[in-house]
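Two complexes, one shared chain (chain A), two partners (chain B, chain C).
== the complex of A and B ==
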């Protein structure tokens, strides 16, 4: 996180800060591009925050990954609602502690704060998704 | 008196039966389970999960927090800290004061007392977290009970669910169990227990009112709480997460307190005796309402998945725990 890219993306990684296009309402996460990816304007963006939960729209199950990942690992395309009103953001979601047999399209998953990887030994933290703990009682 | 607006717990999903660990070495199989952090969990992530539950119950946003204090005995870093990273993750502002309390399981109660003191000077809202993922070498006695978890309390003005009303301190300087980054030394069990009981009795003796409905004695030996309760002549329900979670050092101060608050009714009171190298702090916490956080400590305990020994070792090694 001492490296510039990780310092700059820290609010997105740890606080789910996202950006909403002022022209069309499309929500960009985690990056803040120059042009809106939907309406194509040279965009002005409003800062917004996503809720730490989402709905699974599609997923694949990765069987082979580098050692720092726990396999088999579901990787999903998720819709994450904003804290306030507006469209949800479509994000790429890593799962953790979830059996691939328990994941299905349309299910709600909980965002949990986890270590995603290390940079020179320093942990980079962000949200992963999981089957809610309350459903595992 | 310091009002507690919310509290929260966090226990990792994964557990291992202590008998499974003992079996690997042909040893006696004791009762109970131990919580194992996932490969992507550490003291910071668990602290953030517990803090989020506590802040939700307290209806407090991150930017309202004036200070964040974090207690741990298992920070893998000599220089980095935990409190500032928890503060950032929960959305605290740049003017938030932070403090890291380490070096003893007593760091948990040290942090709580510092929070109380901060409230009487320059802070209106203070988040205190305790988080530990204890390490233990494969095959060591400590491996069976080296647990993981976190807890948090939010102090502030408003509708309190509980209050920290009194405290007593015994700084004896005695060191029983101690740990380096590589190993744990337990020392002479009976001798250590006598010094433990001595410190607890002095600290609790400083409290004005010694009647409690609940008592928690977080300690690395599951039997010490009962001994302490008997020595003090208490007529209180003992609450401990040790049987299901294992020893969680500074985090245990918060986890056991959360478990006691979950079961205490309005008007009831909890004795918290936080002990570690150096001495003991005794705190009196009174319940104002019976409100519990969204996930109780028992619900975290109940939602679990068992690991075989090899997987548990792999997770500990990968996570640096």
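== the complex of A and C ==
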């Protein structure tokens, strides 16, 4: 792995910066696109920020992974709403500090800032998800 | 379409799939090519081949470019093109050859696919170590497909047992299929009690890691009589890509790319899903085959569980699916997978599929491959339809 891709996605990883297509309202995260993935237009884009929470649309619990990953590792497809109005972004969300049995489709999860992995000794920070505080089963 | 050349399949060859540490990719390709030449009814020699398409994702880093096919087969002084399209590589290579023949640019085209999965596939299989945005966080192949299983069960009430039945069916077929990697049978309890890989998928929901090679010969209507009196015709082909990031909820319970590719292929063939008599579809995981029934239009969206319950896709059912055992039993050497699927449909339509022959006298057969790529967010799907009638 090399450092540059993570320099380019730093604002997304660390500040949940996203981009909204001015033509169709689709939200891109973490990539900063030029052509819209949904409407295909060579669009103009408005910078936006996602809320540090989202809704689980589906999930799995991974049991077999390389050593550097904790297992069991729940992974979800999440819809993360924007801070202002508009559509949510559909993204992958890793879970942490959550009992896999407590995850269900439709639940809200809270984004927490974590060290995700290292690249050549350089720590890469981003969000993971947990069941929100005060919502323990 | 009248100005286009009709395209026929006249030969199919493959090696026994498996864990083949004793064979190089060159060994596998040469053997599959020889088996394919030998399969042509009236014979064919390497000198008859005008152009070749080579499907491989080159996972073991030893076969990039068309030269990876030329060296082991001796096919030089002609166009040889390597095709890579994720797990849809083999069927994309077939499609590319068909398009060239259909356009009148090639009379005799070889399609060959091969993959050395066992030499160094760990990076792809685990997916988690790759230096890309999402995969770097542990998104694996079982996760990508398993996400559809969790959602399908929630949204449509599909049961774990229905999903497991796909594995039972395909292992039942694979046990009878001479080239399959795994030739054992299992029941629903064996599947749900096998070790959990990624909830909700267990070990027997996952295809094995398999080496293999396969080859197919396609020719134009102008020369078909030189090679056989019993050709199988290419009726239609489709290819499409999509990504769940685009926000379509259908992509959480299936693969819109498959629906799009199938739509193209049905239109070109002038048929509907109801006309398909036998199919080889991409069952890298059990859930993949279940949602593919729906995406191909074999049943309504959400009815994949009921479709397997009905027995229709069983070998003695109305529309046998994966008579060869599919990827789950036969194996999934990526570049070879789609080519071997085409071969099986060719054998089925000729009535020469031996112990796994569909007994419904198949007229139309469909082959389907799906791959994932682009940080494990996108899918690429290829569908080819063969027909007994021109």
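What we mean here is this: the second predicted complex is superposed on the first by the 133 of 137 C-alpha atoms of A that agree within 3 Å, B and C clash if a C-alpha of one lies under 4 Å from a C-alpha of the other, contacts with A are read in each partner's own complex, and residues count from 1 in each chain.
To be clear about the criterion, contacts are C-beta pairs under 8 Å (C-beta built on N, C-alpha and C of every residue); 3 or more make two chains touch, one makes a residue touch a chain.
Bear in mind that the values here come from a model prediction, so they are computed numbers and not experimental data.
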Superposed partners chain B and chain C on chain A - clash or fit: fit
Comparing the two partners chain B and chain C, which touches a greater set of residues in chain A: C
Touching partner for A:116 - first (chain B), second (chain C), both, neither: both
Apex chain A: angle to the C-alpha centres of chain B and chain C, given in degrees as a multiple of 10: 140
Which superposed partner A:107 touches (first chain B, second chain C, both, neither): neither
Partner chain in contact with A:23 - chain B first, chain C second, else both or neither: neither
Touching partner for A:125 - first (chain B), second (chain C), both, neither: first
Closest approach of chain C to chain B (Cα atoms, Å): 12
Chain B/chain C common contact set on chain A: 68, 116
Chain B to chain A touching residues, read off their complex: 13-14, 38-42, 44-45, 48-49, 52, 80, 85, 88-89, 91, 294-295, 299-300, 302-305, 318-319
Residue ranges of chain A in contact with chain B within the complex: 10, 14-15, 52, 68, 70, 96-97, 112-116, 122-123, 125, 128, 133-134, 136-137
In the complex, chain C residues that touch chain A: 126, 128-129, 131-134, 136-140, 142-143, 146-151, 154, 195-201, 243-247, 252, 376-377
For the chain A and chain C complex, residues of the former touching the latter: 1-2, 5, 9, 26, 28, 30-31, 37-38, 57-66, 68-69, 72-73, 75-77, 87, 90-92, 94, 100, 105, 116-117, 119, 126
